[in-house]
């Protein structure tokens, strides 16, 4: 199933909400770059979808904690997610 | 080995070059006789508004690129119904021509049916 | 899914291609693409091609000179290219608009200089379509 | 008073809503580039603020009609708005 | 002729270079002994989150730029209260140091009090 | 407000400066800035300085070669510069990171070529601060 990669803040871009509109059963969501700011919003307590992954390095860069509902991955984990899913859709604007 | 490619086009025309460069990429794939489809979604649906007149902003109309699609075998384009509704647009008011617009309610299922997705 | 053969976990080796649209030293996506490329090669996968498109063509400029304490994306890609014989393709049409030229393009266009960095080559959008056809996985880096 | 220039679509960016949060009495709003897509939304019937101006060339480029509640300006009108207001604040992301 | 300059900083750090290049511009103005103030608004308030550790994404911390502000005479920074509330942030949890954070409820009035505004 | 003197309407002549952050041939803002500059000069105002910053530095690249049927931003700025002796300043730090170099910078940094276009000059951020101090109006073009 599809891996959706979101790289923009949900507070200034509709990238995440557009992605959620196109999110199917069995799909997975990976937050990278400014996409990790979703961790500081509602996503933290009550994720709209699951599973939700997040690049640990991008969260750490921004001073964000990763809530229990979200799985932190390193770069090798990112690659693994990409091998386990297809297609891979980037939401970057 | 044939791969089915979907171009996910989410950008309005003219404000940045991604709308144009996305269409150019999909034309190149179609010209190589690949299976290349398009899904207009988000602000990408604005690419299909009729009567675009960008001469005064010194740009070329995107219509030419859209009209080239059927010539290269891309005879239909998918368009996200929800994105249209959010923008108060009706599919019947969008540009018609050789390119047939197909409304899509379940874009998740559509996306999942492709081998590769290029986002624009 | 990994298969298990005795005590080894065998992960399938996959063929990746990347499409990179982001300007270096502006959007983090340009750096993310390099990080991802390093990681997939480290995990034993193959990187079939990196296609630099839109503002991503500036990543192939030989003139970029970031301060010494900042990430040098050009050097990073060049090192990876040498190590793994990567196919780093800069879209020729996008590059011409934006001023990234090889020696032969600079000659042809009667421009005073060339700035395509060693390790990168100019080619048409067909190379992106080919990468899609040949790869198990395609990932877009934009924004 | 302030002239606010918004150049991003309200359907994909928060530039316009951020601008409206910082809009004062006597300020003016100018829509340019993809900012003119506000004309196709609620702004058309019931502008949240006034006065609202819009670059005619940018609206025409995109196939948009300019509603009666919005004043179309050409490039000379754009310059005039900039002489009549200060400071000038751009909202472009 | 002294002009009062406001930098309107709306970008989160690291995702793009605008946050950093905005701070560099305001430092340059302050170094020339101009009146140069900052309003953090929108995602720009994220620049002030504590414990940013960008080493693993190969970027320098923005904290150094923020801490340089008081050295050049920018002793306070305005911060939009509404932007904080939208993001569930409390001003007391943001980075403290020599730079004093001043919450602003009426950003329209603040903006209108300047001669020039640079947006970042 | 315009004042009226007899049958003439006298509009105050103002001093403008522009800060341009946008990459050419990607963001419309790069073209909007040129349009606005032409319009303000046409209306009889003064353009004190254009400061190219962030990805806007690429506007000063001599190697940009758009197709003949597309807007040539470089030629547009150069023509305006010649006609009005404009001060077109490219931020030296932003340009160095992104690979826009003058001859002397290319020499100093030991780079193989230079690509700063005639009509543009490299200078520090102080020139932006000076433009703010000297101008009646400052407008940012970004995105």
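The letters A, B, C, D, E and F name the chains in turn, as written, and every chain counts its residues from 1.
As a working rule, a contact is a pair of C-beta atoms (placed from the backbone, for glycine too) under 8 Å apart; a residue touches a chain by one contact, two chains touch by 3 or more.
A quick map from chain label to UniProt name: A, D = tRNA 2-thiouridine synthesizing protein B; B, E = tRNA 2-thiouridine synthesizing protein C; C, F = tRNA 2-thiouridine synthesizing protein D.
All values reported here derive from a predicted model rather than from experimental measurement.
Contact with chain B and chain F alike is made by C, D.
Counting only chains that touch, the fewest steps needed to get from chain C to chain F is 1.
Comparing the CA-atom centres of all chains against that of chain E, the greatest distance is found for B. Compared with chain A, the chain whose C-alpha mean position is the greatest distance off is F. With centres defined as mean CA coordinates, chain D is found 33 Å away from chain A.
Note: centroid distance chain E to chain F, computed from Cα atoms, is 26 Å.
Annotation for chain A: residues 7-8, 11-12, 14, 18, 33-34, 86-88, 90, 92-93 touch two or more other chains. Counting partner chains per residue, chain B has residues 10, 14-15, 17-18, 42, 57, 59, 116-117, 119 touching two or more of them. In chain C, the residues touching two or more other chains are 25-26, 28, 32, 35, 54, 70, 137-138, 140, 142-143. Every pair of chains in contact is given here: A-B, A-C, A-D, A-E, B-C, B-D, B-F, C-E, C-F, D-E, D-F, E-F. For chain D in complex with chain B, the residues that touch the partner chain are 7-9, 11-12, 33-34, 37, 40-41, 56-58, 60-64.
Contacts from chain D toward chain E in the complex involve residues 1-2, 14, 18, 21-25, 27, 86-93. On the side of chain E, the complex with chain F involves touching residues 1-3, 5, 17-18, 21, 24-25, 28-29, 31-32, 34, 36, 116-120. By the touch rule above, chain A contacts chain C in their complex via residues 5, 7-8, 32-34, 75-76, 78-80, 82-84, 86-88, 90, 92-93.
On chain F, the positions that touch chain E within their shared complex are 19, 21, 53-54, 93-94, 124-126, 128-130, 132-135, 137-138, 140, 142.
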